[in-house]
Amino acid sequence: MYIADETWPELGDYFADESVALVPLGSTEQHGPHLPLATDHLIAEAFAREAAERTGYLCTPTINVGVSPHHRQFNGTMWVDAPVFRDYVESFTRNLAYHGIDRVVYVNAHGGNVDHLREVGRRLRDDETMYAIEWMWNDSIPELVDDLFEQNGPHGGPKETAMIQHLRSDLVREDRLEDARDGGVASVDAAGTVKFGSRTFYDAADNTANGVLGDQTDATAEKGAQMFEEAVDQLCQLCDWLDDQRFEDLLPKAHV
Amino acid sequence: MYIADETWPELGDYFADESVALVPLGSTEQHGPHLPLATDHLIAEAFAREAAERTGYLCTPTINVGVSPHHRQFNGTMWVDAPVFRDYVESFTRNLAYHGIDRVVYVNAHGGNVDHLREVGRRLRDDETMYAIEWMWNDSIPELVDDLFEQNGPHGGPKETAMIQHLRSDLVREDRLEDARDGGVASVDAAGTVKFGSRTFYDAADNTANGVLGDQTDATAEKGAQMFEEAVDQLCQLCDWLDDQRFEDLLPKAHV
Amino acid sequence: MYIADETWPELGDYFADESVALVPLGSTEQHGPHLPLATDHLIAEAFAREAAERTGYLCTPTINVGVSPHHRQFNGTMWVDAPVFRDYVESFTRNLAYHGIDRVVYVNAHGGNVDHLREVGRRLRDDETMYAIEWMWNDSIPELVDDLFEQNGPHGGPKETAMIQHLRSDLVREDRLEDARDGGVASVDAAGTVKFGSRTFYDAADNTANGVLGDQTDATAEKGAQMFEEAVDQLCQLCDWLDDQRFEDLLPKAHV
Amino acid sequence: MYIADETWPELGDYFADESVALVPLGSTEQHGPHLPLATDHLIAEAFAREAAERTGYLCTPTINVGVSPHHRQFNGTMWVDAPVFRDYVESFTRNLAYHGIDRVVYVNAHGGNVDHLREVGRRLRDDETMYAIEWMWNDSIPELVDDLFEQNGPHGGPKETAMIQHLRSDLVREDRLEDARDGGVASVDAAGTVKFGSRTFYDAADNTANGVLGDQTDATAEKGAQMFEEAVDQLCQLCDWLDDQRFEDLLPKAHV
Amino acid sequence: MYIADETWPELGDYFADESVALVPLGSTEQHGPHLPLATDHLIAEAFAREAAERTGYLCTPTINVGVSPHHRQFNGTMWVDAPVFRDYVESFTRNLAYHGIDRVVYVNAHGGNVDHLREVGRRLRDDETMYAIEWMWNDSIPELVDDLFEQNGPHGGPKETAMIQHLRSDLVREDRLEDARDGGVASVDAAGTVKFGSRTFYDAADNTANGVLGDQTDATAEKGAQMFEEAVDQLCQLCDWLDDQRFEDLLPKAHV
Amino acid sequence: MYIADETWPELGDYFADESVALVPLGSTEQHGPHLPLATDHLIAEAFAREAAERTGYLCTPTINVGVSPHHRQFNGTMWVDAPVFRDYVESFTRNLAYHGIDRVVYVNAHGGNVDHLREVGRRLRDDETMYAIEWMWNDSIPELVDDLFEQNGPHGGPKETAMIQHLRSDLVREDRLEDARDGGVASVDAAGTVKFGSRTFYDAADNTANGVLGDQTDATAEKGAQMFEEAVDQLCQLCDWLDDQRFEDLLPKAHV
């Protein structure tokens, strides 16, 4: 169920019976010459809404801008500073507890948000308000992702390209896939971003001229559809697993 | 132009030539038995996107959840605490300056956000980063709004009803309009919310049993369309006016 | 009773029996060529002390400086940044709860403080510490104010002039009343501060050359005295109403 | 000159020529059975206003409530939490720089504020905004204070008693001076507040049953007047000394 | 050079010529039944001091307590909340810039600090104060670590055991190595900590009964010595590389 | 017992039976031409560890950098800004309560930390988490310190010199003791740091050319040993006294 389409009287039954919510989060940041800035939040929203549809759990509106200062050199990248992002997500989530929500899945599609969502999740769990965890679609189907693509760059690569080809083909610049590959970097290793054991870079612009990594040319909408189907199934199972737990079992363990 | 649909190379021309952005903001909060929780953010997004389309100025993604603790007693109302909201909007906006944006219109459709947007706008202007102002559609066409409806309640009343009938008729529960009127309060005056000069209420629930004020039964999609057209025209003119100013003239005046 | 004139043993009875306090707040900011910077805090203090005298409720010392950055271009305007002001008022008020105060009236005479006091009041009420509300004298007698003056400008106009003529006639520069009128702006409408529905100004200096609005020449001490008497009566009634309520009834309503 | 009595046009000359301001700060806290809670802020205000009168430097309104949690067990003690107090004083002072003030004397009469004022003064100096220092009347005339009284307790003792006898004799409960002495503690040593080198107390209530230390019975208004005269002279000299310095010489020294 | 052993006049030459500093950071947290709580900070300090000795660069005192709430269920684990830790490290580091340090290596030996050090490093770099990067010894010699041990658990495993055997053999409980292995978990995979793509755990206690992972029984002091030598060599090279860079080249790249 | 040398199972008995902890804190700041920057934290650590050894109470790792901006002009002085220091110490201490620690001695050897530790101690006590107090070695043996030295300067003087001669004679530059005396200031009085009752200085560099006060030439290791022995005995007695108290008796007294 998508909360924003409902009226308040209609939501009464849900809060009486259920305590799970899905919160989609992404970014609005450069994804190379072939993908729109919306890439991450489109993907997050698609997964969260679809899983909510299939399972009946509640989905909230999407947080469209995340922690992306590392992409700022590229036109149009939007971002919120990390401490502000954490506090915003915390307040956004914490207030759901007023209606009885006590377990949340952050359906996230931007790597730069992960650590911050974990920190917020800890805050909410350590004070026993809520159990909130982060989920990224590609982490739920790692073998499939590896099987489908030759050079599976972590940002703007073929896995994200295929996903947008599946979800919003009108937004993929198909004629720029080769440019994306040739103007970027093939892989993290190829970027040579670690020196003597230290990550010496802070920004995407330190590593890649056009902002992306990977070989986008073997991406297809079909591969996107296959990944979407398998990953959304994982997400639905995660929600059901969450729903099955006793709240006490989700809270921090006692001192030894 | 909607920033999230573009790629970073495509945005180069805009930032080279222009410095205006529209930022839509709303809420996800109860709007009575007849309107969806999305009401405010749907309206804000519709105005901002349409004005961006007509004028060519840049529109950002929408901030869907705002400062709505005063509606929390009703199922599903989401909110972010006021200090967190201000900091989030400030960071969200301030970082646009990195790309050269120096004037912003907050296209806002939730009354509870107004003071906070003014405070953020002051921060950004006082340190001479940016000139950001807040705009609400109904404040731009007050006479028309007054003319069209009998009891023009400020929350969930006929003006918002008509606007959603125009924008997303599938989300209006037409069979609940009379309930909305009868279960709520006709007007702010009727709510009797001021005692001896002091506003003694803090929450909508202090005044109205079903969360809304006004008489929703004379709302129609046609009235919505008429208001939308007149107000979006105001917004376009505001953007053009902003664009015409010299940045120095938008900054704080000098000490006397 | 004025708390600061008492000794701690003398206050024992009050805290044993009563739970109401009045907190006066104003500003120290320009009020045109005819009124002292003290205008707002003098008025707030006069009302709070008089009501405390008449009713026996406790009055605290005055907070003399408020949120006035919008007047800063004029010599001597003092202000505290808004987040700091809110936290200061919150701490100032919250600590009164330690002695058993659970309902507070902010006797405020500066419009720029209102929203901040409402926000602080919400914090204190939402965590069920206290019920604190804001009161402004002119909002308690709107018809009388309208009746008495021709052009009732909101800042430095005849209503504030008359009040200072009544309270501290030595501080009114009677020979500057015409200058005040002629060098300022007659009304908010005349100031033309709204463009296409948006308030495009942030500072008083954006609208008025000498810092004030209204026609000060029909102000008299007698009118001041009349307004004072009627408004202080409203304030006393408000305190009695507060005192009559059960604390539970002042707290937020339960979730529907 | 007292800023709050002036109009903005009248203040123009001062800011054109001068850069010194006096800021009075005190507390509203218990001072035993014989002195009003106002004691500290009355004293601070009296010194600051008198010095401003004599020298012509600017005096601001008084900050009436300070950092007094250590007196809270006694009825009516008001306080603001320390971090909030620091930020409030910082904002209050920093904004004076907008008008050209670059040196400030905190005319303080509450020991519990001292460290916080020093911390704020450092912030303002380290970023080269302003040079602000703290002054307490009794520290400026230590020999005289020692000469005049037998048991010169630090809180509510004879020096403060004499000062209020001089400044506001109507507020001294003369018939409670012996009670004050007998129900309190003669001196800090007598209170035995240090154990093995550590101050083991946090609150006045840990040491003294009626909240005060010292022997109040040899206080007189004449002694108060003598102390006032000598100390205000010190304060005037301090202001003149400040005025004579070059701003560069008041800023932090360079790195060695 | 170890800064704390020097006097201020002796340090003059360093700051005149050099701009690199090493800052050791660790934790004080449970490391199973066989290793002391000091494990991480001992390792960090040993590396930083040794590299400073060999290269002549400056080493600061060690930050002994880090972000370890995930180990708190085990006796004695100390920690500082994440936002506080970040601000502390930022202030600690930023103030070094006053003496001319503009490049810093965080010699860190606690995984839980990594993301926070990256965030602090970004703050310092984005405002162009300083270039600070994080280094962990085992990340600099991944192949060697993999070669030396069978089950190389990430916390309290053989690599940390061998390192403490080398550095402080008196602190290793050699008779508890088998207990450590048998009472813990062999590997992250064995812990089964990911469900449907989501890390569902927050605390070490969620995964391992005795707090550690890996097989500690093939750890030896010789292996520790070999790792220490190879890794310290990496660290020295990193410092020299840093020293060779132009400061401009370490700052963020310009906008495209 | 030193917590960092223990394993978590070994600590079980302590937390089951005891609730006292010692936390050493110092600074890393200039101490003249004769003493290392480590002076304060070496002293604090020596006292805390020795008392823990003798009494069996728990000692934590040392906080090596404190609030020392007033020494920054001298090479190598490190510091953390005061608000950050307070929050760090608070979080560091507060989290010990999770293991059952409810009384803490801050074994501090840097005067600049004192007020901040008192403020933190108040926070922890006022919310009834813990009773934490500050102890400085020289305050526990004031007569002895006065007896031993001619000019007992408060910073870098003979008492600190003798203590380092005792604890770490290798770090004292014996050939610079006369320089230290001659290049510094004999006493606080001699520094003339107070004008008309106001402390007009903020930095050590405002008063002393080489950073120290006092006559270091009559310091000896024997005097250091004598002071150490007497003061550590005071510290042990303080710990035993703390241990003997009922927790309720350490908490704030009730309202009168």
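Things to note:
Labels for the chains are A, B, C, D, E and F, by order of writing; each one numbers its residues from 1.
We take it that a residue touches a chain if its C-beta (ideal position, glycine included) is under 8 Å from a C-beta of that chain, and two chains touch if they have at least 3 such contacts.
Molecules present, by chain and UniProt name: A, B, C, D, E, F = Creatinine amidohydrolase.
Keep in mind the model is a prediction, meaning the values are calculated, not measured.
Farthest from subunit D, judged by the mean position of CA atoms in each chain, is A. The chain pair A-E and the chain pair E-F differ in C-beta contact count, and the higher one is E-F.
Inter-chain centre distance (subunit E to subunit F, centres taken as mean C-alpha positions): 27 Å. Averaging Cα coordinates per chain places subunit C and subunit F 49 Å apart. In subunit C, the residues touching two or more other chains are 8, 12, 69, 72, 74-75, 98-99, 255-256. Of all residues in subunit E, only 3-9, 11-12, 14-15, 28, 30-38, 41, 60-65, 69, 72, 74-81, 84-85, 87-88, 90-92, 95-96, 98-99, 171, 173, 176, 211 touch subunit F in the complex they form. Remark: subunit D residues 69, 72-75, 82-83, 105, 115, 118-119, 121-122, 125-126, 133-137, 139-141, 194-200, 202-203, 205-206, 231, 234-235, 237-238, 241, 252-256 touch subunit F in the complex.
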